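The structures considered in this document are given below.
What follows is a pair of complexes built around chain A, which joins chain B in one and chain C in the other.
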Partner chain A sequence: MTKRQITVGQLFATLFISRMITNITYSSTISSSNSIWDQIISSGVAFILTFFMIIPVYLICNKRESMNIADMSYFLIGKIGIIFVFIYAVYYIFICIYSLSLFNNFVTNVMDPNISIILMSIAVMITASYAAFKGIEALVRASGFILFLIILAGIFIIISLFPQINALNYEPLMYDGNQDVVKGVILMLSTTSCIPAMAMLIPLAKGKVKKGIVLWNVAIYASIAVFIFAIVGTLGDYVKTQLFPVYTASMIAGIGFLKNLDSLYLGIWTTGLFIKVSLFLLLFSMCIKRVFGDLAGRISIFIGAFFVVVISVLANSTQYFNGYIYNINFLFGFTLLTSIIIPLILLIVDFIKSRRRKESEKVKL
Partner chain B sequence: MLNFIKNLVELYENPHNKTVYKRKVEKMSDSLEKNIIYIKKEFDGSADLTIRQMKINETSMAIITIEGMINKQIFANSVLTPIVNCDFINKNSVEKYEYIRDHLLSTTEQVQVVTYDEVFSFIMSGFAVIAIDGCNCMLAIGVQGFNFRSVSEPTSEVMQRGSREGFVEPLRINMTLIRRRIKNPKLKFEMLKSGSVSNTDICLCYLTDIVSGEILQKIRSKLHKIDLGTILASGYVSPYLEEENDISFFSSVGMSERPDTVCGKIAEGRVAILIDGTPNVLIVPHLFIENFQNMDDYTTRPYFATLTRWLKYVAFFVATLLPGIYVATVTFNPELLPRELLVKIANSVASTPFPLVLETLIIHFIYEIMREAGLRLPKPLGHAVSIVGGLVIGDAAVSAGLIGAPTLMIVALTAISSYVIPNLYEPIAILRFIFIIIGGIMGVWGITLLFSIVLINICAKTNYGIPFSAPMSPFSAFGMRDVVVRMGWKTLAKKQNAVQTMPGSNINVNKE
Partner chain C sequence: MKKLSFSFIIVFSILLSGCTGGKQLHERLIVQGLGVDKENNLYNVTVQFLTADNSGEEMGENYETISLKGDSIIDAISKVSNITGKEPMYSQNLILILGEEVARDGISKVIDFFIRHYECRPTVTVFIAKENASKILTLEGANGIITADKISEMSNAQRLNSNIIFSNVLDVVNCLYNNISDPKIACINIDNGDLVIADSTAVFNEDKLSGFLAEDLSRGVLLVSDSVLGGTEVIDIKGLGKVTFNLTDSKSKVNFQNNYGTPCFNINVNVKSNIYEINKDVNSLFSDNYIATMEAELKNRLESLIYNAIRESIFNYKSDVFNFGKIIKRDDKEFFKNIKSLKEVLMKSDYNINVDVKVKKMGQERIKLVQNIN
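Take a look at the complex of A and B:
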């Protein structure tokens, strides 16, 4: 029986931060497209599709209120359910690796820091392990403060960018066909790692989940649309050559004496990354805990963190790992598996089981 | 040898059971001589034990006191004179005892004691104890008159407006200071004893109709677990009131020397813990945001109180983060600084022999030494230390090119800011050093990550079932009326804000 420890507001604030840091890494390089501007349509399409993606997870979490997806897997298909739990554990750790290696990529290629990437990765993971070890309540409470800071910084950057927007930078939408729109939708949906996270966290939250989902989804895609609008209007064609266009835009942003707002971007990303990696590390430990018990769950935080550091550092140095981690199709497939396919399988099993139960009850009567 | 091994095993099994002084629960005899011998033996010829033996109307009596603990004038007028002058020749010992108790004495505090333990407790609290031969009980009479510091303004919590009274060392005086402000029968004082050697009086103070029974029970249970021999200050007790296994920079036990502050907290459902011999009263549960609130906030106009509240928030961040950010930015990300400022700082760094991180650490270390010296020395010497340290050393070091003027300014600004929130001085001082070191090693990322750790550290704390970070996170819009702004009293008074109703609290709201 899972105790409801957090509120829906806290849950979706944490998930919003986790998604926001993916949004600010948005680029044509990552989406393998030519026009970011076309992807403003993608954000509308992805907004609607995300609602459909959430339905299986929402339904499975509502079947038995106190059970998360790991508990449901065990409950419905017995020990075979361990396979599903294992898939979720791998997915959560993969998201940690993806987020950290993207951050490392940014630091190496854009910032040229004077400190070692390995040291930085270790520091991030030590911090994240500490937060994950402290538990979900500590994490969501900290997210409340960080969300406030991120929103303030985000609004400040956006407002400071608006005077520099040039209307001529906006080309006609879908001028080169709809390929970029499709690629944008795939990228946006593949980075919706929050849905598999919801599968573990919704049973912990008290409050109106439906309202939370709607507000979260609206906020996410509205922020994506605003980012696209701002960076295209500010950078124009220059956006196509930038690895991290939101960072580039924040570098040229400024109001009055406040110039070089890239430090705000750095602050948003580092704190957001910390929240995201902590959250997914915690989710990983919850899966391990479900299979091997409480102590193993706690130890797994540090083991998981070690793997994340090793693989994300390797990913930055070798093309082999790099190819897998930044392969959008692979990420899209993995996200679909954990967001839709597994919850749907569990729903079908539950449906069949309840039908059989009803039939046997009828026979008895 | 066997006994030694047995004792060793017992000590190993019960490490906390190292009682040096075992309390006597032995009942007293009806022989005065035996009782006096027993008491004298227990005190082992202590110079301050005074036993005045006399024979009145054929009855042997004794008055037992501790030198310097009683008011001799009250004792002579209210106790000794009536007893010496009375006539109860036809009564037996018990009747004489009852006569003295019911008709003779004019003091208000009279307690019948039947065990030696009680006798010791009362005489050491300034009572005079009357023992009569043939009676197996004694009468403790309240004639306390020991010397103590008079009620004065607390130097550690100076306020512009409001009361000038501060707590003093005797527990009973502190109780009256609270009672005078909350004239309500629901205000309850609950006495406990702690410390196996010092037998220190500890008093829980709360409003029975507001306090949560669950919180109160937890506090009682924690206080009963104290395994100290002596309790000489409130700082001895506060670690026992924190949550178990809680490793944190910040304390979840509040402390105040001001009766008005303590009364305000009690009215919000908190429990005050008064400890005999110390003017610092502990307050639990204590939330992080309370470190930024003081009595002056509630006596000034709301808009000004809001301004000072925000000054404190800013000062907290400046005091904690500024030196670390300065070191990190100048060392790793100078491009974040405006050009003109960067040129001045770069010139200064280039002209000093030490790396910036070391320079900042050294200045901070010297500042902490000067602060400590100024604090411990007599006041006139303390001023001299400030002048020598601040002006002579500081100015000379900059002129000699040993340290940079911008670094010195940063340290000075940080030092001043840290005094804006005196409750948080200790964690700020430690965190500041850590932020400087991390900023010097890992730059802005290190600062951000360390800040995240501190944030998690604050958010992970739960104080008697109430989140330490409430009402900011978990968020309560209602709670913001005394956090983001300080609303006027007309708004604040609309709804009582008991601590157990904070968002995220898992405390049962049931009253005591």
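Take a look at the complex of A and C:
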């Protein structure tokens, strides 16, 4: 059982930052598609589908106030519920690994191949562990400030790109069929790791959750659409040659003497990465705490961080691990499992149990 | 816990110190300009770089140039360390000059480094040297070496004069990658022995240089591409003498339609102009509606520039520097899907050109100082 410690606004600000990190690393390489422009349609489709994806988590979190998905698993299916809690714990750690290894990939390919990935990963994870150790309240307070900076930097980059847009870079939508739209939808939905995060965090938030969800979803997909519009309009087909097109767009952005805004992009990514990894480490520790108790939960932050460093460094040095981490179908399946399937199973169990209870109450009467 | 935190701080302040293994500025070779030529199947890369003072504390405006040979661009450039003992830094590079031979051989072979290398920026301005790139980068002007930043600043000429087309790596790669439109790159030349001047635009057929467009034809291309922001046109008008038009702005709209099997482009351009130089007293000509006459003359001139630019680029050089292919794809994607040879379609197409000219301002001279200069 948990008490409400944060506001809905703080919760969705933190989740927005967490998702923005995925948005700015948007890459057609990960989705194996040829046309990023087609994925502006994907953003519209994914926007609607995300609402549907949230419904099971929203319903399960509203079933019994102050119980998160881990509590509900235990409450509804007893000790077998440990399997679900374990799945969520693995998912949260996997998202940390995915985020850190993507950052490592970026640094070694785009920044400087000589940077020590091991030391950088350790530094990121130590700061993230510290933030996770401080708890959700400290984390969301930091998020508020970081969100302000991220929005400011994002708006500045986008505004400075708009004068450089060439209308001829926008080719007819779905010129080569709809496969790029489908790939885009899968990529966008599979990176919606915030829904499984909501399954743990909504019970901690006080306020109008529905309003928060709507605003969060609108902001997320509006920002994706604006990013796609800006990078395709400014980069054209050059976008297809780039691993991280949003970063490339930030390199050509500039207003007046303020040129080469890639440093702003780096600022957004590093601060956002800190929030995202801290948040998912905290969620991991909440799962461990539910199973093994408070002390284990605290220690698990550091153990989790250790695994994240080891696996993300391995992923950066071998293609073998890369294949699993950036396998979009695997990520999609994992996200569906934690966003829809497990909450749905719990809802069904709850429905059956409450029906039985009502029937037995009727019999007693 | 405090002891643990303290140990972490001590350990990581040693391990994570940002300066460990870092390079001082005087240990880096700050590349400002690169020139690529081809000699005996080897690339001859000329590197113009800034050098710091020995102390490394102050950066002087000292430029040096070194030429190196190699099998690839990076193979040649890496040899610069053998001479200077410094590691090249490309993030401050401003220009890339390709020799005419490299351009005729195909620029795809040399551009990869500028897309792939983590320090290279897509905003680097690309030039074609009519002779070879190393001559431009090593040229001694009246005030010392012609520096890369001065050459880079030439790209402002497109905004100011609109008679040369400047492109950066991003524009060039865009054209090379989409396989529809062809690159167009400013061409620079040595003038009067000690000046570097942009005097024409190099146009390509796919990645190979196919010819040069003179200044007036380059303006024709820019008019179609909606990119004329300045420049002058001098027209000798009967009854008015020499009139100098200052072009201030242009807006173009190009549409494609398939007229029963005949592809057709409708090119509509609106141009605004001011007049600040006329060599005749025009005040006496008010009754003759001389402004309409001027507008008609400028319209004819600009229409002929566009027509000649299309003839030269499409028919002579087989180069689509107007993005006509993209316009077909935008306006009639079914027709575009069935195209076997885009260049043949463009050569069979009709081009309906219409330029609408508005003379906005005539300057503040009321009565001409000297009457009727010829």
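The rule we apply is simple: the second predicted complex is superposed on the first by the 362 of 365 C-alpha atoms of A that agree within 3 Å, B and C clash if a C-alpha of one lies under 4 Å from a C-alpha of the other, contacts with A are read in each partner's own complex, and residues count from 1 in each chain.
As a working rule, a residue touches a chain if its C-beta (ideal position, glycine included) is under 8 Å from a C-beta of that chain, and two chains touch if they have at least 3 such contacts.
Note that this is a predicted model, so its numbers are computed, not measured.
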Touching partner for A:A131 - first (chain B), second (chain C), both, neither: first
Residue contacts on chain A - larger count, chain B or chain C: B
First (chain B), second (chain C), both or neither touched by A:L168: second
First, second, both or neither for A:A123, with chain B first and chain C second: both
Doubly contacted residues of chain A, that is, touched by chain B and again by chain C: 113-114, 119, 123, 260
Residue ranges of chain A touching chain B (in the complex, touch as defined): 7, 9-10, 107, 113-115, 119-120, 123-124, 127, 130-131, 134-135, 137-139, 141-146, 257, 259-260, 262-263, 266-267, 270-271, 274
Complex interface listing, chain C residues touching chain A: 8, 12, 15-16, 21, 115, 118, 121-123, 170, 173-174, 177-178, 323, 326-327, 329-330, 333
Chain A - residues contacting chain C, complex: 109-114, 119, 122-123, 126, 168-172, 175, 235-238, 240-241, 248, 251-252, 260
Chain A contact footprint on chain B (complex, rising order): 331-333, 335-336, 338, 441-446, 448-453, 455-456, 459-460, 462, 467, 469, 472-475, 504
